[in-house]
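Once you scroll down, you'll see the structures, which are given as structure tokens.
After this come two complexes, each holding subunit A, first together with subunit B and then together with subunit C.
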Partner chain A sequence: MSNATLDGKSISSEDAYEQAAKILQEASFPLVAGLGADVAGAQAAILLAERLRGAFDHLASRDSLTDLEVLRSAGVFVTTPNEARVRADLVLLVGPGLQSYWPGIFDRLALDKETIHGGTSKRRVLWIGPKRNEAKLDGVEIETIAATEQDLAGVLGALRARVGGRPAALAPAALKKIDAAAEALRAARFGVAVWAAAGLDPLIVEMLQGMIADLNVTTRFTGVPIGGRSGATGVLQASAWMTGFPPRTGFGRGYPEHDTWRFEASRLVDSGEADAALWISAYDGEAPPWESDDIPLITLGPPGSAPKRGLFIAVGKPGENYDAVEFAQETSSLVLRRAGAPAELPTVAEAIAAISAKFSEDLPC
Partner chain B sequence: MKPLLFTLKAEPDQRLDLSLLTPDRLVGRSAKEIEGISIGTTRETVTVGDLFKVRLGEATSVRFDGGSDRFDLLGAKLLPGFEIHVEGDVGAQLGRSAKGGTITVAGDAGPYAASQSAGALIDIYGDAGDFLGGPLAGEIPGMSGGRVIVRGSVGARCGDRLRRGIIIVEGDAGDDLGSRAIAGTIIVLGEAGERIGYLNKRASIVLSEQRALGPTYVDCGAHNLGFAKLFAKSLAPESRGASRLLSGRLQRFAGDTAVYGKGEILVPA
Partner chain C sequence: MLTRLRGGHVVDPFNGVDGVADVYLEDGRIVAPDGRAPDEEIDVSGHVVMAGAIDIHSHIAGGNVNSARLLLPEMHRSIRARLDGTPLSTAKWSTFETGRLYAQMGFTTVVEPAVAPHHALHAHFELGDVPIIDKGALTVLGNDDFLLAALRSNESETAITDYVAQTVEATGTLGLKCINPGGADAFKQNMRAFGLDEIVPFYGVTSRQIFTSLQKATQTVGIPHPLHLHMNNLGIAGNIDTALATIDAAEGLPLHLAHVQFYAYGLEGKSAFSSAAPALAAKINANKNITVDVGQVMFSDTVTISSDVLSQYGRLEGAIPKKGVIFDGDANGGGVVPYAYRISNYYNAVQWAAGLELFLLIEDPLQVFFTTDHPNGGPFTTYPELFALLMSAELRAQWLERLPAEVRDVTTLPSITREYTLNEIALMSRVGPARLYGFTDRGRLDAGSIADIAVYKDQRDKAGMFRNAAYVFKDGELVVRDGAVTKYVKGKTLRIRPGYDRAIEKRLDAYYDDVYGLSRAIFEVPESALAGKSVYAEVACRN
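Take a look at the complex of A and B:
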């Protein structure tokens, strides 16, 4: 059985590669987006964008750029989850749904165990703005500071103000609670804040990191970010070492230009500036975010994720159907994941190589 | 004398980089030379002559008849003493890093208008997009001088990391007005969105109506501010609404106390 379809109908892989090459080669400004792939797949996709003089974006770049924005315009304190595990005597959890972004987070941080290089034996755990009934963990006493998604930014701002001894316009009861939390943060010997950019925005992360910087005047305090889905952090690193920039970079003029607004995938498609798209989502077959149906579309995804429209080529899941290098949240580094369930499917890099092999000679550059 | 005139012949099918078409960079060039300037941003080459009819004129002034939301970087790095007028819309980064001069846009502007502008006088008669005056991704300060007036409305994060200068919005402002502002003045005559002045260090944000602010703005009471009245007088020729707003008694809220608390939000008392 073929693993390729055109508008939902099965076609041979050879035909699929041929047609994909034709679509991409004929476009004036093609978009390579999604990029839900391992490092080799991302490298192949970025090289393809460069060769076609198109642009590339990752499906979770909103999240990785949220953290990156704070890093590059303000500065951040971060450490690895393992360092947090052995040193933190206070853990500050920020925002709702942390476990949904990284299911293994609380095990990795060992919140229920004692600090190894700590001094104080019992960790304190504070959570600002958890979802209802979320702040429960066996063997851990979590102190919560309630905040809805709308007032999380304000609560965090008030906390930072009180950490610095500046006034906040709050009712006495609320102020007392914030003051107690501020005192706990100041008393920490090695504090760690944990957040997921997917649930926050750049200003909230900047506020949090600003507070961490303030706390570092008198104690040690740092952060553990939970990265974006579908390999976002690994792709960000690959993009950086290949082009000097994160995703949302274009090669229209023959050299990489980074613009978070101009090269955002759905804007490029919905504005009609991109005239063909290769969408890669090898982990879970997530659909493209844009609204326009007009654009010629090639999708690389796991079997069964074929969209109704356009060309689809099935690829294996990185680290599951084939050995893959990807970013591991547990260690904050690139690791090789051996395939647990090898399958007769091309890798993302192989599928892109097969498409590129069909380009005619006269492709510029 | 008449300005150097660019008349748009056809809608561009890609984004254009118009940073080379400022009057200071076109001084002494023939029409033929100007028509040969490349302004495309994709592998399809586009030159000025493909899209515009060029008519030479006065050395210090440029006029565009017809605009497009794909006109990026118009008036970038403009120098003092020069002027640009656009009879139409413009795209992203209008007046980007302009050192001075005058830019007027009859239509709408895209995101990052006046980004890192250091002294230009920019008038936008329609609306402007997000990040008016703000820095681009990865840059530290935003607009550092000059004056921007938007007669329509602006998007989110207006005045982001504003360092110096005046921004007047006669219509409404989106969310996160004056976010991370370092200093300078932002005046909004219409309604402003959520979370005003978040991470504001010491900028002044003036609103036309009382409203709930976050917990990091502290009420300092109503005042007759001498400087505001003086400032109002100087703004009168450019924005009567802004002038009227600043002439009245103002209630002052100090913040963002999460950072320094040396900034302020002023509303009519």
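Take a look at the complex of A and C:
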């Protein structure tokens, strides 16, 4: 298996870098997308987009932006999974599929153990809207409040209303259950809500955060967001300190402009506004979301993920094939993941550096 | 190559120089020419030549700063393209812009004062993306369970000393900061106010006990920078009592008090909010073990970023615009709350006046440092205006005219005629900061010092003078010409390596296994992770 291909046929890495540089440099508005990369890879990719006066987006921006919209409009209360582990006497799980978004969730939150900081106590665990049979955990009694994805917003809205002592239009049996949950939330000493934006509408996160703000008037309550896939949160952090903004940012005018609609990758490609694309998906070789198949395309992905069309350059999997700094869901911080299976493959940052080294000199730096 | 800066007015108080002289530099250092002819000569007559300035306390990097960026996209829309060779330098509020803006004002070293141990790697990544200037940081302790539990169980001072040394070394910083000692933990336990002698529930220790133990440990370890303390009761009317009691609690040991303007409030006046700066200044004048930075309020739209979560929660109600982040992190966490200081607002005007009183009533410029606690009292880009205010009583009088009239009843500022000289500005912004952090080769212009040099065109408009340096050299390279960055160089990150009894590491390993069920290694800041991102330079500890 070759480490570089063109339209599925093996080519030398040198040729691949050369052609990639040519494609990007000749484009008038190139797109750097996917961005499934470690922090160093993201830094290199963002600097590349800036130098080329293109735009960049992350493949899980939709999920990051769900939380960001709430942050930007109303603000948030957040904590780390570790603080929840040692202190949360009540954990409120919100929405279906949490374990699929974060496989280590229950191990990290240690719901079956007592709290440590601020005194030892058993935890109360509530789950609103789990999938069928999902709310089961050895040694933990999980109180569930049923809600389909469609009525999650309504149920959460009712809960927020009852926490605030306002009326909620519910049948008596349902109201009783919601009231009991509201009472539990109010009685928590340090409650923590956990949600994954990937499964939720921004309205739900906004309601949840509004309820948390209400609860803080009398007690302490906060939240643990579960971040998006393919390094989304680490890339978001790098994007923020480098440009001031999250992904979906363009440099057409020589300075960053952030617009969640204008710089969305699929729209840029399908509208023809972007005339070349560098697609990065180093973790798992996820394919681009756009429909157009005539944009000049360069893909960086793990070996074996070469698309049929365009240039492909194999890169290592961050934190697996090479030591990589990325955002760790379990600590809510950037950490170094040491490679468990080192491989002779370039890192994302190295591949971008190799492409950049082939730019002709008339490209300003 | 030997370069001569010819005929400038050299202001180098460390060496007692305040007059026309030449400065020679070669290979990144200031040198004595020893009779050699220079290869290059720059005529700087009509200019003031100083060492590069050092900012001792400015929130420029780390998770809380980044949350502020994401919280407030409307506050930092970019408007112009950058020059060649300076990627992202006009991306507002980016790390890259931070390096450019500091360099343009002649600043060559900046200390980020609030690095959470569990987020140190992130902070170093951001610092690595700040071009041109050298950076340093302080590590935050004082709300961490390990320390509070050690104090609860009356552990030996040695255990705490080793813990402090290990934490500072592992996080790659210049020393320790303590932020509302115990207050962040108390807030997690639902306390909404926390004073010097209040007890952190569950631990049974007071704020006083926490900070004095860290203060002693800092001395024992030999960290050049005294404990950097953000006191209790920030921003609250009448909190002058807290500040005075804290200075007494220091018992003569070195202590740095951060952004003291926010603690210089009395209860006088119709609104029961007055400047108590004269009392605080007198106390500082009488206690030479104390240094302070001011945290001057400058009228502007800004955002407050602080690891004092308790106090930030209290500020949420007055947020402008109405939103914020409250992060109950491991140990301190942080809060981000936007705010607008208005000259027409009585409270803001009193804050502004109190800050200037502190600058002008504290007698020794080596005890007081200019800061705006960027961005808490205003952005660092307002320093030139601040210097101008310190240098001109007339300018202050013009500003005072615009404040609400009642402010004059609760501040002594109108009666203060002192004007800082250039020499005093250099003491406060060069010599003092170097001494405060134990830097022996910066903040001064004698042979052997780093060739970090700021050259300003002498003019009546002092703000204009300090806003756009005519020339700035970083490690001997010309990086600013006529107020514009001409190229990037890569600054270093300054740190101390105190050394300690390695037995503490075994204990900490067991602690992390036990409490977090997690290997402590996950929080490490390995140099390999920073390779190509950040370069360290060492600052010596005291023996």
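Following the convention adopted for this analysis, the second predicted complex is superposed on the first by the 358 of 365 C-alpha atoms of A that agree within 3 Å, B and C clash if a C-alpha of one lies under 4 Å from a C-alpha of the other, contacts with A are read in each partner's own complex, and residues count from 1 in each chain.
The rule is simple: contacts are C-beta pairs under 8 Å (C-beta built on N, C-alpha and C of every residue); 3 or more make two chains touch, one makes a residue touch a chain.
This is a predicted model, so every value here is computed, not measured.
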First, second, both or neither for A:Gly8, with subunit B first and subunit C second: neither
Which superposed partner A:Arg72 touches (first subunit B, second subunit C, both, neither): both
Partner chain in contact with A:Phe29 - subunit B first, subunit C second, else both or neither: first
First (subunit B), second (subunit C), both or neither touched by A:Arg220: second
Partner chain(s) touched by A:Glu206 [first = subunit B, second = subunit C, both, neither]: first
Subunit B versus subunit C as contact partner of A:Gly254, first or second or both or neither: both
Greater residue coverage of subunit A in the superposed arrangement, subunit B or subunit C: C
Contacts of A:Gly154 with subunit B and subunit C, given as first, second, both or neither: first
Partner chain(s) touched by A:Glu273 [first = subunit B, second = subunit C, both, neither]: first
Doubly contacted subunit A residues - partners subunit C and subunit B: 72-73, 253-254, 258, 364
Of all residues in subunit B, those that touch subunit A in their complex: 13-15, 40-44, 70, 72, 92, 111-112, 130, 135-140, 161, 176, 179-180, 194-195, 198-199, 213-219, 256-259, 261
Footprint of subunit C on subunit A - complex, ascending: 39-40, 43, 47, 50-51, 68, 71-80, 82-83, 85-87, 107, 110, 116-119, 189-190, 216, 219-220, 222, 236-238, 240-246, 253-258, 323, 325, 328, 330-336, 364-365
Sites on subunit C touched by subunit A in the complex: 61, 63, 65-67, 69-73, 76-82, 84-85, 87-88, 90-96, 118-119, 121-122, 125-126, 129, 145, 185, 187-190, 201-202, 313, 316, 319, 323-330, 333, 515-518, 522-524, 526, 528-529, 532-533
Touch list for subunit A against partner subunit B, complex: 28-29, 53, 65, 69, 72-73, 150, 153-158, 160-161, 164, 166-170, 203, 206-207, 210-211, 250, 252-254, 258-262, 273, 364
